[in-house]
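Here is the structure we will look at.
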Amino acid sequence: MIIKRNFNPIRVFQYVKSEVLFSLLVSLLVWWAYENQISVVALPFSISAILGSALAIFIAFRNNNSYGRWWEARTIWGGIVNSSRVLARLIITFTDSHSHQANYDNVRSEAFKKQMIYACIAWVHALRLHLRKQENWDEVEPFLEKEEFKSLEGSQNKPNFIQLLIGKKIYHAMASGVLGGFDSFQMEGQLLALANFQGGCERIKNTPLLRQYDFFTRLFLFAFIFLLPFSLIGDFNKMGVNFMMIPVSLTISFVFSILAKVGEVNEDPFENRITDVPLTAICNTIERDLREMLGEENLPEKMLPENGFLF
Amino acid sequence: MIIKRNFNPIRVFQYVKSEVLFSLLVSLLVWWAYENQISVVALPFSISAILGSALAIFIAFRNNNSYGRWWEARTIWGGIVNSSRVLARLIITFTDSHSHQANYDNVRSEAFKKQMIYACIAWVHALRLHLRKQENWDEVEPFLEKEEFKSLEGSQNKPNFIQLLIGKKIYHAMASGVLGGFDSFQMEGQLLALANFQGGCERIKNTPLLRQYDFFTRLFLFAFIFLLPFSLIGDFNKMGVNFMMIPVSLTISFVFSILAKVGEVNEDPFENRITDVPLTAICNTIERDLREMLGEENLPEKMLPENGFLF
Amino acid sequence: MIIKRNFNPIRVFQYVKSEVLFSLLVSLLVWWAYENQISVVALPFSISAILGSALAIFIAFRNNNSYGRWWEARTIWGGIVNSSRVLARLIITFTDSHSHQANYDNVRSEAFKKQMIYACIAWVHALRLHLRKQENWDEVEPFLEKEEFKSLEGSQNKPNFIQLLIGKKIYHAMASGVLGGFDSFQMEGQLLALANFQGGCERIKNTPLLRQYDFFTRLFLFAFIFLLPFSLIGDFNKMGVNFMMIPVSLTISFVFSILAKVGEVNEDPFENRITDVPLTAICNTIERDLREMLGEENLPEKMLPENGFLF
Amino acid sequence: MIIKRNFNPIRVFQYVKSEVLFSLLVSLLVWWAYENQISVVALPFSISAILGSALAIFIAFRNNNSYGRWWEARTIWGGIVNSSRVLARLIITFTDSHSHQANYDNVRSEAFKKQMIYACIAWVHALRLHLRKQENWDEVEPFLEKEEFKSLEGSQNKPNFIQLLIGKKIYHAMASGVLGGFDSFQMEGQLLALANFQGGCERIKNTPLLRQYDFFTRLFLFAFIFLLPFSLIGDFNKMGVNFMMIPVSLTISFVFSILAKVGEVNEDPFENRITDVPLTAICNTIERDLREMLGEENLPEKMLPENGFLF
Amino acid sequence: MIIKRNFNPIRVFQYVKSEVLFSLLVSLLVWWAYENQISVVALPFSISAILGSALAIFIAFRNNNSYGRWWEARTIWGGIVNSSRVLARLIITFTDSHSHQANYDNVRSEAFKKQMIYACIAWVHALRLHLRKQENWDEVEPFLEKEEFKSLEGSQNKPNFIQLLIGKKIYHAMASGVLGGFDSFQMEGQLLALANFQGGCERIKNTPLLRQYDFFTRLFLFAFIFLLPFSLIGDFNKMGVNFMMIPVSLTISFVFSILAKVGEVNEDPFENRITDVPLTAICNTIERDLREMLGEENLPEKMLPENGFLF
């Protein structure tokens, strides 16, 4: 996620390099031909206007939907923060609520709290790696039992596997008396929420924005850039300022290219890029919050933006 | 679902063949008449502009709603993935949670887990076939008991029948002691979610996007294409480039036709076409995930896109 | 609901008759006055453009909201299909789940299942008649006990009365042992869903789309149609094709009138018209599905579209 | 809420009086100056076009959000209708469901049903008065016990006070045996829904649509009306019909003023005006429905629209 | 939040100072050059029109999303009002509902009610300070026990810490018999709601509206303002009113700058500014309502708008 307010013009240019260079080429050719009296076709400006408005429908549609995907992804991760915290709170308060019972064993209960909350942290990190298709599973290792981590390595869908693990731990605790009553019932509510959040992320990850909109936006953008100098040269010629057509054509092409690109970079929010939803920072927040709730003190450092990007 | 980024121009052309050919015909006629001094009417360009903007309202409306239908269908199937996984997890953890009880019978419980999870897989495949109006019910056969499959064949709404089956299995298990306590209560939550997802899919399947919008979009598109050459010829004639009217008219007609068609192909997401929500791939994912959760190893192969399409 | 893809031009014309005839009249008058050198005012086309775009804001607003109402109504009825099925499933599985208990009486339980499911069907039909303000309550009669039907006739809000009836049956069954445990608790969830669906339908039925938008859309449409020939005649006169102003003016008026009407017909989805949400067909589906779940065989025939309309 | 389809032109005019008179004044001045050769500035029409489109963004934004507020308010009150009915149904069926128990006292139970349902009606009327800032609390008096009404008079937030009252009655009934089991648990669901509906109404009431949008819409509307005659006079002068500029300028100003006002009147739906959500009629419906459910017969008369307005 | 209807022109000007001054500078230069026959380039107005419409897409997008963020924030705080009230009601009615039990201790129960409700008030104030990054935690002190406040000071996420505290109090009360049965279960529902509201606020606070939209809106706005005089001067020159180009250029620049700024100020609703969601006033309402429910009488005064702003 970009945090800084002003962008590096060179980086911006790189995003729309091909469009701008294409525009420059066509503009120069049209201008050169006109200057040299080589018969070249001047089109009425209304052609560009009508194409521009059709292009705008596509671009606006795409911007809205790209942003919608990004924001949904961010909202889901906001939900993961909440549900993790609530689940951790339930683990702590429910386990402690049995402290007045006969079979309460403080060591066993404390171990249960730590194991469960660590498993939640493991799930969060695993979901991040799973979505970004990264393979450094050792980041998850400290939060699981040795055997659990081994089985995890063999599984296809790792966050799903950890969910199953957490579920099993709950019913084991219910049976042993660490938990009791309706504790499992209420914890299931948060497990369900987390499962649904995972599903939501996978849906966004696995379903690109309909390719039709991407392909035709690019096609029509190039068509628009191509026709623009032809439909500008007539008016500029009448005013006797042929050469001005080139910067104006470049400016308009630049604006429409940026409009199209801005949508594109937000389409896929889990791609390990600077425009991603900042999963690493969110996972760091969750880890810090949950370990603080456990009473731990040597928390990992809070992640801060680097060079204006939060990753 | 289309995965590839670039489209085959010939296939694209086929989608808008009739519109483009109609445009070509009218343009040629108008140009030929003008060239041969046959009195032909030149209209002001503003006519096309005002019609184009009215057309744009219709097209934008339709694009938004078509995409909304497609994305809702995709979201529902994302929900089916989640709820299936959660239901499978509940089946496993609940059944195992009674392992410390006196009347626990390991063989019976394992059989129950397999039967239930297979029935969930059967439901998913049945819903896919039901929505796409396909008849190869043998795909469902391996996941049901013989008698169950026979009764299924006689029923009208097959996924609904399997739901009833799953429901009955739960209460049978509650009575026999395989399940107990509030297990059925919590499983009902996921059964309800699946029933609602089925209903959502049937709603989209059975209710086409209002025909009025389809019919008048097509009507006005052809009217626009028809009037376009008349309203272009005047300006091009003034600039002395009559012949250029033809490619420009074709380009604009092509752009508006594509705008209209892009919406059309997403309207109905369960029609066994390349633009469908990829039901077969989603069902494959669910089958693999659920059978892995059961501990099975000879999973069906993961479905990959073929020629850039995921089906 | 309209199913057919192509419309009868005569019916289409009837919808916008008054607008088109008004346009014809004004156009002819303007043309005739111009031809006869009667001083008539030619307005710049930009007047029509600016009015047209203001009109477009109104029309787009109304189309979106009309369609939103229609689709919400359809979604609610989709929800009624689901919740009826789920409730029927619960009735069956819950009643049967007590078959191993000492006080289980098969005849009594089967009668309860039939009575309850028939009452659900009665509720669905009653809601349909209630929304469409129809009075043929005999359609509901076969699904209720004689006395129940008599009391129904005296009640104001008939679907609400049937809800109360279903609620009472549940607690009667809880007391008599036909149901038990948390059965009523879970059934209440579906009864609540059905009550909310009824409320949603009544809200749409009783609250027309804000009249302001209807009135001013019509007013501005006629103003636009009136001014159009004046603002066209100038340009057509310059090109020497005065008479062409008439068909062009008619075409544009027709397009804007259709844009306005398309929204209007979807505004009210429960009016016993061909553009209604197809309540009769949906009720038929529910009746067939629920009676099949009961094991009945002489189901009513499936309703099919007639002449391209599903009612 | 306006029910009638056609509006009184005089009332319409009053809504946009100041805008139209301002437009008339400026138009007349510009026309008079032009006629008398007093040098006056003619602006190109494109100035009005570009300002008009900026204005349109504001107006469309405001219309959408005003209508959104109105419709949300209507939906909330639709929800209040549902939840009141459901709560009433639960009160009746739950109270009656204990009729087979040993400590059932018919008189006490009937009194409880009446007291509870009357308190719900009191809450509904109190919320209406609270939102409209009316003080005729005697409308609530018949539905509360004497002492309750006295305490109500001293409280700040009266609907909130009645909620607390209803809550207390439930637990009193649980303790005395009028209710039992999970009855309170299920009733809480509807109480919660009603509390959330109250909160939703208060949010809309206490948060005006952002003033920025209101202020700048008005500012830009007057700027647009001011510049319009200057940018029209040039074109009309060329066509030699100076005087026609006045009605055209008035018409366009009228249309944009109406566009702006239509949004404004729907912004605040609880202001005791004819454009309000019809709270009085909705409260009347709830009172009639709930008292009918109690078996009462001398119901208040159904409220009908007066002069085309439902209040 | 701004309550007053009319704005101070000087404050308005300050918001768009740099844009307006930049516009003035460019306009004056272009006019001066033209007057002095220094060859300056006149561009066709259509350049500004096409850039203006591209800019409008960005601005409309941003306005919609900024307002969406503001309104979501307001809705969340509306939800906090409701859930606090409901939780307070549950605390009171549940605690009192055990008054007929043997181990009921009136003093202990009253102390519990006060402690719990005060902790809710503490949470609300803490969330406000947390979101606005203020440090005056002494505002929270009166509502917590001494030791609790000390531990609070050491914690990272203070509202989260108070949630944990409230959770612990509930289970302590369940163990001691102040509460019982399903009381904790139902209270958890409101605690969960509050936790989700906190998460929603943090999401909005920590995720600025995508910087791309901010940066390019500003960039294109300045580009538009820069090109405007060039594209106006031609038309004004033809009409012989060169000097009028300056006020017109300023007006259009002002309108577009305001359009862009209006969105900007609503983007971040928790920044301790006059355009914030009025957190202080909402916290005041909650404190007053909750303390009244406890029966307290020396409530803090109701906060009223100052100078037309509610803070």
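A, B, C, D and E are the chain letters, set down in written order, and residue numbers restart from 1 in every chain.
In the analysis below, contacts are C-beta pairs under 8 Å (C-beta built on N, C-alpha and C of every residue); 3 or more make two chains touch, one makes a residue touch a chain.
Here's who's who by UniProt: A, B, C, D, E = Hydrogenase.
None of these values were measured; they are calculated from a predicted model.
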item	value
Angle (degrees, nearest 5) of the CA superposition of chain A onto chain D	145
Length of the line joining the C-alpha centres of chain A and chain C, rounded to whole Å	39
Rounded Å distance between chain A and chain B, as computed from the means of their C-alpha atoms	24
Chain B residues counted as touching two or more neighbouring chains	49, 53, 182
Category of the chain touch graph - line, ring, star, complete, other	ring
Traversal of the chain ring from chain A via chain B	A, B, C, D, E
Interface residues, chain C side, partner chain B - complex	1-7, 45, 48-49, 52-53, 56, 59-60, 63-64, 67, 70, 74-75, 78-79, 81-82, 85-86, 89-90, 92-94, 96-97, 100, 182, 186, 189, 235-236, 239, 241, 244, 248, 251-252, 255-256, 258-259, 262, 265-266, 288-289, 292-293
Residues of chain B touching chain C in the complex	41-44, 46-47, 49-51, 53-54, 57-58, 61, 65, 155-157, 160, 163-164, 167-168, 170-171, 174-175, 182, 185, 188, 191-192, 195-196, 198-200, 202-203, 207-208, 210-216, 220, 223, 227, 234
